[in-house]
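For clarity, chains are labelled A, B, C and D in written order, and residue numbers in each chain start from 1.
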Amino acid sequence: MDKKQPVPSVEVSKAARAALERRGVTLRDIGEIVYEMQYTYNEGLTLDHCIEAVDAVLRKREMQYALLVGIELDELAEKNLLSQPLQQIIETDEGLFGVDETIALGAVLTYGSVGVTTYGHLDKHKVGIINQLDTKTNEGVHTFLDDLVGAIAAAASSRLAHRIRDMEESGIKLAEGMTV
Amino acid sequence: MDKKQPVPSVEVSKAARAALERRGVTLRDIGEIVYEMQYTYNEGLTLDHCIEAVDAVLRKREMQYALLVGIELDELAEKNLLSQPLQQIIETDEGLFGVDETIALGAVLTYGSVGVTTYGHLDKHKVGIINQLDTKTNEGVHTFLDDLVGAIAAAASSRLAHRIRDMEESGIKLAEGMTV
Amino acid sequence: MDKKQPVPSVEVSKAARAALERRGVTLRDIGEIVYEMQYTYNEGLTLDHCIEAVDAVLRKREMQYALLVGIELDELAEKNLLSQPLQQIIETDEGLFGVDETIALGAVLTYGSVGVTTYGHLDKHKVGIINQLDTKTNEGVHTFLDDLVGAIAAAASSRLAHRIRDMEESGIKLAEGMTV
Amino acid sequence: MDKKQPVPSVEVSKAARAALERRGVTLRDIGEIVYEMQYTYNEGLTLDHCIEAVDAVLRKREMQYALLVGIELDELAEKNLLSQPLQQIIETDEGLFGVDETIALGAVLTYGSVGVTTYGHLDKHKVGIINQLDTKTNEGVHTFLDDLVGAIAAAASSRLAHRIRDMEESGIKLAEGMTV
């Protein structure tokens, strides 16, 4: 690979999805969070709609880059390869750190500020897979990943809300099997 | 008042506090939300510490300006003085609007990104006075105010978390009557 | 108009474009700023590509809502209809105000953080129509509008940069008459 | 060092300043950028006032954490220790990356949104030391550092603007040797 060339988008995309998978997070896991957050507001919403929205969010460059950076830092911390004191800050999931929230928030905001509420809720209540990832209660370092999964779920929720509104205004009722 | 002169900070500050009061929100109301969010993490925390933190947050220019703009828009909407369709958008607290969240978020971020979680949680769960302000379930228009009260509470929580950490590191244990 | 119904998206969109036009800003004016910012980086870029990108940005709900709020506040200030001290703060385009930047920034960030640089540059150097709008040197109040026009131009620049990269990676060379 | 304890603030602070120094950036270098940006607006402003403002900004936890993360990633990229494709993305200072801008912007926003303009300007025009750090034209990898230096300078400029306004309103005229 010639180092001076920009990385093709298709490689960035593949690498971001591979990183998620390697860390044990499936699109279905995140789709389940989205469904949990949105089903009461949207009659006819299925898990498949939610997984599809997660897939769409993962096609965005901003989200892919955020995942690559965050997961790299988690993995380097697991292997004890960061310099001190950053190694310890990330390993202990320091509550006042904030760079994890900043990176996640940047990715959420590409879907508008209405996703921030969902992101904040997920970051606090650690729904579904986010709870299993919590560095403080489990094995491994997931200081960035839990925030990033929350960001993907919040972005997908925001995308769904916008799309479903557009459909409603066109007189289309959401139903199973429909592409949102 | 000469229109070409900048408004003195003391007038901005007074006007922002007066606007909150006029809309029926006291520093104690917001302090109670902060206490509710923080007491489990901080032994020795009292309601007075929380009210003091709210007071400190209200001394920040960014927060004062955000309050002046948001409350003005709520009040103009109540008086039916906005042009259409903005009048209707604010009056109905349109879910996809987002400018209310943007302004509130801007003020939260002056206390760092760790406050975003608290803000998102409050915006979703509408703790305390925020619930009473919710435009969709009550009289009056509070489309901006409920987000702004959440922002003040989140900023005050973040301020407390930073200050209490500093005290702990200096070997000081939080107690009643102590200035944080 | 039934006040309790949400405003249809098509009305929000029309109102936002009408507001821009009423304030003397055309898509071509903003397109010219985008062209000025981007032509050195993109061989084959024409003014039409830039106007098309501006048009796409104006189809986004976040941008439409930001325009409606900002222009409303500018117009209310021109008519002396805001309460004090907000009237004077907006009328004098107070340098430390920041709510104008916050609203504009929220809209830029929906195109990712790479647009922030362009936004900051435009806000400082007041290229093209932005200079003519500057409240401090001209008639009328444009405290929000100049920031919003900068936000639209920055968002359109960011959109173009992403799209042109995608085309390049597919082996397509940008040329006149091509849809970006 | 016990890995399960939070890192004391004093260590975080020392590490952030040491990282800047190791990368060849002095407080004076950043102070000079601040002076360049602010002297025309503030009569009596000296380079010492600007260096003092930079020092104050570096006492903020958000800025320290941002520096630790960004410089770590630059240094890992220099040593070729990141996994692909992140290694190449950071090494080539990919224009659409954006995580560098996101982290820098998060730190700027703790001083309010008025700093965003200065940050954007610096990121585009690469004043002073920022130009020497530009990864694309020089030795070494400074993909994050140039944005972080711009963020520190923008935050310090914003801090000065707020403080000087407060002094003016108290009838104090800025002069050499005075603490801002």
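Following the convention adopted for this analysis, contacts are C-beta pairs under 8 Å (C-beta built on N, C-alpha and C of every residue); 3 or more make two chains touch, one makes a residue touch a chain.
Quantities reported herein were computed from a predicted structural model and do not represent experimental measurements.
Counted by C-beta pairs in contact, the busier of A-C and A-B is A-B. The distance from the centre of chain A to the centre of chain B, each centre being the mean of the chain's C-alpha atoms, comes to 28 Å. Shared contact sites, meaning residues of chain A that touch two or more other chains, fall at 61-62, 95-99, 102, 105-106, 112-113, 162, 165. Viewed as a contact network, the protein chains are fully connected, with every chain touching every other.
Chain A meets chain D in the complex at residues 1, 3-7, 11-12, 15, 61-62, 65-66, 68-69, 72-73, 75-76, 81-86, 88-89, 91-92, 94-99, 102-103, 105-106. Taken together, the chain D residues at the contact with chain B in this complex read 8-10, 61-62, 106, 109-113, 162, 165-166, 169.
Contact residues on chain A toward chain B in their complex (touch as defined above): 95-99, 101-102, 105, 112-114, 116-125, 161-162, 165.
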